[in-house]
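The letters A, B, C, D and E name the chains in turn, as written, and every chain counts its residues from 1.
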């Protein structure tokens, strides 16, 4: 600004504004109470209906038994570390693979047709094939091939199947993000002399990734739960431990223990991405550029 | 309340000779940084007001406040005697009567030019589609865009996009138009044309508030010119007076620099 | 011939407990006995994945029990019930479920079991000529990679009696368990003895039963019929099973469909 | 345009341009062949390695047996209709629920806090809970409650569980789309007099939905495959049929039949959305607004 | 080949007195609709060329072609004697030496103003970050934006955004600057300032091609003015000549209308 701040009038809130704010607070409080009360009533109704139903004691006993939860928890937790481990190793690989495939798909020009076709074929097939089949195919098929030097640890093979399957999903998410960046952004980057790769890296991808964080998180939490699929290859992860306890006792509560653990992982992640989104939002306040 | 609001209750309709738009002591802050500082302004029906001032002085913000896209932090805005900043007022009803054109066009990229223009008439004003289309085509014709009706906004040049934005706002037949630097992206030939259209609109009784950097344009079209300086409405007066004998030294200084830039 | 003896015994029991008269029973479908099992149904418990053909041990037991209760073969309806859903709370769509389900005290809290109709032993299967083919004691299995099927009591048997150094691997179903053995992803498989006989004879070439696990301290493991919790039909089923046992008919069915367990030595 | 088209010069392609196009074609052909050849070689290598491995005959027999495929196919196909049915009924419900929750989450102002909290709680919990547990809980729990008027068909209950689970995922996808629309678009809509709901319906959502089509399609194809989870409640859908055949024959090929059916559904969907995306892209050619 | 390309091979460096930028018979079509029709133009080093013409006449498209953001459909463009439209030429190397400012700013919304400006110097020209930041701050200071260095683009007013875009292009120290209506969003005070900066740039030897609707500005800054009409470069000449005695009737007509709009 070049204007000098000579004699700026001081702001003393007018009586009107004070009255307005009072009124806003009042109606705000009123609507907030209405909303809160109706929400609470709604929840109470649902819960009441549930609890008062004739079968509730049996259902509570079968799905929400505190004793069973306590009994199963240590085993389920032990299994859960395997899920976390597979997740932590698979996720970076998935992100890398997904990004590569997304970039391959967004290559233009007839020259890249075969690579594009490969990428398209990959996403099509691997999103279509049930993950469980992939786990079987890799978990039982690869050891059966009798190849030397190929790992045979079921957790590793199961993890590889997950990477292949989720790579296809994540690739599509990234592609959506990349496509949603207006071409003028890339034009601006290229005009500054940035190469194709640099434009992607510094201009397109940072914006694209931010836009797709919620769907990515979707795939994260799906993956977290699908780490349970490696159980078909034998390892004792959380859901399998729950299943064993459930079969032993004919009670489904152990699954609840697994669910609580999975939720305990998803919620902080969700809050973290909300925080990121809110920060990005603050940067583009509506006042300026419009 | 400011001294100006002498006994007038916002909810009661006022006498017809009163201002169509009355802005009273409007304050607006962003992150406790004041951007508008107690702006007072009356716009009579059929009047054309130009807001001039440096970049960042608050012109766009003032227009956004009038259109209720921002909540004012103090003060009041009356449209036709009704306080539209009232807590209980229906913002949509007020906006129906106000047309706005944005500095950055803000066209809807997923709709053709024609759909952009007919959206509000059809959905808000319940004009039959055929009538809305006919009117839109007529307006497009007048703005030299007849052949672009089926195009999508991203395919148009900057000037073409801004013209579509003007047509879109006009199509709702508002009783007050807010125009934020509408000519800045237009080529000079079209400025003449738009000027003609705005004059035509004015003659047809349209009330307008324009933010502009085009002093020649302002001098030509405005009944009243307002000079905004750092959020303060420093000087208001007839166009001729402001441009020839400004009272405030800041205004003189500003116009001096503008003169040097060759835009007046 | 079995029919005539069956009828005679049934009539005596009916006089003993009038509540078990065919028309007094509260059934899922009136006048019919609805029996459930999982799909696919494996040999030697069933044959050709068709429970209604009367072939295979459990199919034959089901028909024998039905017969004792006075149901003709065409008055028995078969329905599919997976193991996981067999113990779901709420009304059941079968009268009893016969699916190699072991009776345990914990499970009794959720469902009602009939008396046992088969004494189960767990057997160890290994690749013929492999490292564990000649094992004679449980101790030698401590370092083996062991596979079991989920939901079976084999897992508890392994944990209690073998106490292996590494966690046993738990597979979804029999086919995955067997494939893991074939692929050499595991060294031995633990499963119930009749299935083990079938697996080694028909399913995995070059595999053999190493031996049976010794009976555990807390009593013999038995398969029972599974019923809705509190279903009074259990009493009548128990009567019928008792009669099958005492008449020697159950033993005959067992001899017909299951290989004698004498062929597998008990591990020390 | 106001300019008259007086005397437009005619365009005859210059010798330079013709030469340039020839050269472009030539290098284009060359690079295209290089790319094609390397892709083919890569694929051939992978396949060759596979086929020449000692265990290949057994793997082929176990996973890719033509005879088994033929035997299992009719049953698997019969089961597949159930999957398709559940999918077709669940998907619209999921889209509706997801949209509602996404809109609830994007409400601003303290008044809406309870509704927002409810929406946040829902997405957090239902993305965290393993879908299989939900299927158990609803499929076994609801009938056990003995409530009158509540359906007890396992396919319906399983479908309801899928709707609840995927509703949370789709809500997050929609939210990402809504958040990615610049606030100036909404400002423009409101300034035209459109109400909050109208702005959403005509301006924000159409753009948002277009941006999230690929991640939505991800969730579609996940859902397609997760319709298999209702199998735990008893109905014989495709994967279950495959499993039955597989257990009968000790061969995994029947799963391949299921996979082929799922792929047959996913690929046309994917091509269709690609087509939509390409059309949207053509509308925002880089030339104009930049 | 046009008559002009007499024996000059694009690949051979030419004598130093030749044009820094040479545009030869450039054609560009969109969907077989010609937008540029055989444009020929020479820009000498240290020369400032203004493109004027109606909206949609192809000014932006020509600038985009020079910056290789569009592939020409015919003709050639030489920078410093090297054909940059050559099939084998490295587009990135050419662009490194050309700065461009867009009509719609195209700032990177995820980066602060400072990061927008230092991106290319640091990543493309490998300037040490500290030096790049110092230079950026200096430029921001000169353009009255010193306090906005840490802001994100969406928070700036339109004029502020455009100034940042100019600074961003300048920061790569290009030898040729392409400016697409850079002053259209600036307030008159800043136009003077930018004008000053452009004159300064010119004096420091910068070659510039500007598309503009500001005739006063064009007359003041340009060495050469080009009038584009519907994709045809109808008239080229010294600014004074074009504005005072245009040869073509179309040019005269255009300027007549511009005169009426009060922008000259």
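In the analysis below, a residue touches a chain if its C-beta (ideal position, glycine included) is under 8 Å from a C-beta of that chain, and two chains touch if they have at least 3 such contacts.
Chain by chain, the UniProt names read as follows: A, D = Amino acid ABC transporter permease; B, E = Amino acid ABC transporter ATP-binding protein.
This one's a predicted model, so the numbers in the text were calculated from it and none came from an experiment.
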item	value
Shared chain contacts [chain C and chain D, defined touch]	A
Of all other chains, the one whose Cα centre sits farthest from chain E	C
Pair of chains whose C-beta contact count is the highest in the structure	A-D
Gap in Å, rounded to a whole number, between the CA centres of chain B and chain A	44
For chain E, residues contacting two or more additional chains	54, 56, 60, 64, 69, 102-104, 106, 157-158, 160, 189
Where chain A touches two or more other chains at once, by residue number	1-2, 55, 58-59, 62, 140, 144, 184, 187-188, 252, 284-287, 289-290
Multi-chain contact residues (two or more partners), chain C	84, 88-90, 179
Interchain contacts, given as pairs of chains that touch	A-B, A-C, A-D, A-E, B-D, B-E, C-D, D-E
Touching residues on chain C, where the partner in the complex is chain D	39-40, 42, 49, 80-82, 84-85, 88-91, 173-175, 178-179, 203
Touching residues (chain side chain B, partner chain A) in the complex	1-2, 5, 25, 27, 30, 34-35, 37-38, 54, 56-57, 60-61, 64, 69-70, 73-76, 87, 102-104, 106, 229-230, 232, 250
Touch list for chain C against partner chain A, complex	83-84, 87-90, 104, 106-107, 109-111, 147, 150-151, 155-156, 167, 169-172, 176, 179-180, 182-186
Chain A - residues contacting chain B, complex	1-3, 5-6, 8-9, 11, 13-17, 20, 23-24, 27, 285-287, 289-290
Chain B to chain E touching residues, read off their complex	53-56, 60, 103-104, 157-160, 163, 181, 184-192, 195, 213-217, 219-220, 254, 257-258, 260-264
